[in-house]
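Listed below are the structures to be examined.
The same chain A turns up in both complexes below, where it pairs with chain B and then with chain C.
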Partner chain A sequence: MTELDFKHKMAAHCESGTITSLLNFGGLDITEPLVFGISGGIFFGYFHKMKSFAFPTFIVRNKPGQMRVDIEKRLGVKFKTYAFKDPASGMTALDDLIDRKIPTACQVDFFYLDYVPSWERVHINVHFMVVVGRQGTRYLISDAYFPKMVELEATSLQKGRFAGGEMSPKGFLYHLDRIPTEIDMKKAVERGIRKACFNMLKIPIPFLGIRGMRMFSRKILEWPAIARDTEHLSHEIMKINILLEDQGTGGAGFRYIYATFLQQASEILNKSELRDLSAELMLIGDGWREISLFAARIGKNRDLGAEKLKQLGDMIRDRADVEENFFRKLSKTV
Partner chain B sequence: MSTLAIENIDPAAVDDEKPLFGGGNALTLDSVDAIEIIMAIQRTYGIRINDQNLAREVIRSVNSIAAFITEQRNLQPS
Partner chain C sequence: MKEKEGFVDCPDQQMILYVEKDDGKYGPIQTGSYLTANYLDDFFLKKKNLESALRDQLIRGSISVVKYFMVLEDLTLSELAARAAIRKSRVKKHLDPSGFAEVTAAELSRYAGVFNVPLANLLQVVLIKNKEQFESAMILENRTDHLEVIQDQTENPYVVLTKISERT
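Right after this comes the complex of A and B.
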């Protein structure tokens, strides 16, 4: 098997984990929380009526793919990217890169990764993993979700890379092109924090950032009128748990991973107040986890009366209040 | 078992080594149970599992949960 000297590491999130492992392979000593924080990955957005979504939903991180772009901007590193219309050319290009011993990140639909237990497989078109070797039709994969390297057949990999639907991967590949000789890590960390604070406090769109959280807390009371029936409503309410705790969130809607970033940032910037804010965000994350649990319970028990939804809305509004206060304090540190 | 409000399964019938998720054990749990267990570990032992991929490994079986809690308690200053 063509196999590279690639160090596999489990990560909290597929996109930040993939970028981190490629940078580490290139010789840059950087952690996953730093990649997440420098890219300004923490976010919130509520989408009540959007063509792309059949039912209201929310996001707790920036747009998939954006982390790579923002890391390039702030660290000065360069990734080379490729997209394909034709699956055969997409697979040939990947083989060529692996044969040249270049670890290559792929965007795939998670559902086709047959090394994932069947009960965990769902259609998510924005999963990222690194191909690090091949032999015949078997590929060696470093997938941040797993403790060890895994193998995948070419047919499954091709299906995953060329799945259709919303945000289809189109065979997207990327690999590290270059790392500058000097990186101003302090400046990168500060810029990442400023970007996160802007996104959460000042972005002039009413459904994004803290304002988005408040909109979510109000609009969730309208969900029963939008849902087809109780079963549908229950499914959508339980999805709150999935969006906050599953799908590579790192836990508590990315709040824990950002807290770890702030802890590491406090050392890089030599600012103890960031360590205090890190501890505060861990507790804020615990509150999001309580929301997950509450939503999961009322959804599973079909206990979805107006009173329960109001309680859920109040819990979300409370997170908006504490996060507004938190990000105001954070914005004053840089 | 009480945290998960499971009343119809004898705890002795649960295989400590077999996976708790995906079938194959007397007790088959789902994603709601997963968050219940994670929160119960945090509340009971003060151990926050702040990485959901680690969480998936930890709550794989009764033995993996026990091993994780033991390991974390040994790490905590006495």
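Right after this comes the complex of A and C.
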């Protein structure tokens, strides 16, 4: 098997984990929380009606693919990117990069990855992983969600890379091109914080940022009317737990990883107030964790009456209030 | 969250959680999924009930197999149309058994690709006897005690080999 000297490491999130591992492979000593924070990854968005989602949903991070773009802008690193119309050319290009011993990140639909347990598989076109070896029709994959490297058949990899639909991967690949000799980490951290504060507080769209949390807290009361039946509603309510905890967030919808970023940022910028804010965000995250557990419990017990959903909505609104206050304070530090 | 509060014993689904370590520093720990550890049975129960309800509608002729898989895989009409590269109005027709009668072999092949199932399974439902009742092979995922179903795609894109064997 063509295999690269690539150190596999689990990460909280596939995109920040993939970027971190490629940068580490290239010799840059950087942590996943710093990658996440510098890219301004923390976010919130509620989508009540979208043609690509079968049920209302929410996100707790910025747009998929944006982390790489923002890391390039703020650190000055360069990634080389490729997209393909033809699957055969896309697979040949990947083989060529692996044969040249270049660890290469792929964007795929999670659903087609055979090594993922069935209960985790969903059609989502924005999973990232690093291909680090191949032999015949099998590829060696460093997937940040798994403790060890995994193998994947070429047919499954091709299906995942060339799935159609919303945010279709189009065979997208990227690898590290160069790391500058000098990086202004202070400036990068400050720009990342400013971007996160802007996204959470100032985007004038009612379903994004803090406004999005408040919309979520109101609209969740409409979920019973949209669900097919009680079991469907239970499934969707329990998905709140998945989106906040299991779907690669580092816990509490990325609030814990962002708190870790702020703690590291306080040392880089030598600002003690960031250390205090990181502790505050850890506590805010505990509140999100309570929401996750509450959603799992009422979903499992089918205890989904109006009273319980109102309670859930109130818990979400409370997070909006504390996060609005938090991000206002954070915006004054940089 | 403190490190000791974050650990969940679930080897089937491992993940990274950021916690406060004993020295006050925040950092990652490898732990398990709380939901998988505690509620996976409930997930499979709901999935099984949904499949069973959809299969009833399929057998009665009130929905097509395209609708059956679209709902099971949580896809919308727009998303399925985009993924299968078939016009939305045509996919809409295919959701209904009468409209499904107009589907072409090439379109069936595209649907099978999106749903990641053997093409043959768009014209049949494979059931296995499990604990005195027949259940969908897809939902059981070969977790029965005595029977195993393996379906292989052949070099002919329109032929699937379905092998049923006793578990040894």
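We take it that the second predicted complex is superposed on the first by the 332 of 334 C-alpha atoms of A that agree within 3 Å, B and C clash if a C-alpha of one lies under 4 Å from a C-alpha of the other, contacts with A are read in each partner's own complex, and residues count from 1 in each chain.
The definition used in the following text is that contacts are C-beta pairs under 8 Å (C-beta built on N, C-alpha and C of every residue); 3 or more make two chains touch, one makes a residue touch a chain.
Just so it is clear, the structure is predicted and the values come from calculations on it, not from any experiment.
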{"item": "Fit-or-clash call for chain B and chain C when the two complexes are aligned on chain A", "value": "clash"}
{"item": "Chain B versus chain C as contact partner of A:Ser234, first or second or both or neither", "value": "second"}
{"item": "Touched partner set for A:Gly285, first chain B, second chain C, both or neither", "value": "both"}
{"item": "Superposed model, chain A: greater residue contact from chain B or chain C", "value": "C"}
{"item": "Which superposed partner A:Gly164 touches (first chain B, second chain C, both, neither)", "value": "second"}
{"item": "Touching partner for A:Met10 - first (chain B), second (chain C), both, neither", "value": "both"}
{"item": "Which of chain B and chain C A:Ala105 touches, first, second, both or neither", "value": "neither"}
{"item": "First, second, both or neither for A:Tyr145, with chain B first and chain C second", "value": "both"}
{"item": "Residues of chain A contacting chain B in one complex and chain C in the other", "value": "10-12, 117-120, 144-145, 147, 238, 241-242, 245-246, 248, 250-252, 256-257, 259-260, 282, 285-286, 289, 292-293, 296, 299-300"}
{"item": "Sites on chain A touched by chain B in the complex", "value": "10-12, 117-120, 144-145, 147, 238, 241-242, 245-246, 248-252, 256-257, 259-260, 282, 285-286, 289-290, 292-293, 296-297, 299-300"}
{"item": "Touching residues on chain B, where the partner in the complex is chain A", "value": "21-23, 31-32, 34-36, 38-39, 42, 48-57"}
{"item": "Sites on chain C touched by chain A in the complex", "value": "1, 6, 12-20, 25-28, 30, 33-36, 38-40, 42-44, 46, 49-50, 73-76, 78-80, 82-85, 113-114, 116, 141"}
{"item": "Chain C contact footprint on chain A (complex, rising order)", "value": "10-12, 32-33, 51-55, 111-112, 117-120, 122-123, 144-147, 159, 163-166, 168, 231-232, 234-235, 238, 241-242, 245-246, 248, 250-252, 256-257, 259-260, 263, 278, 282, 285-286, 289, 292-293, 296, 299-300"}
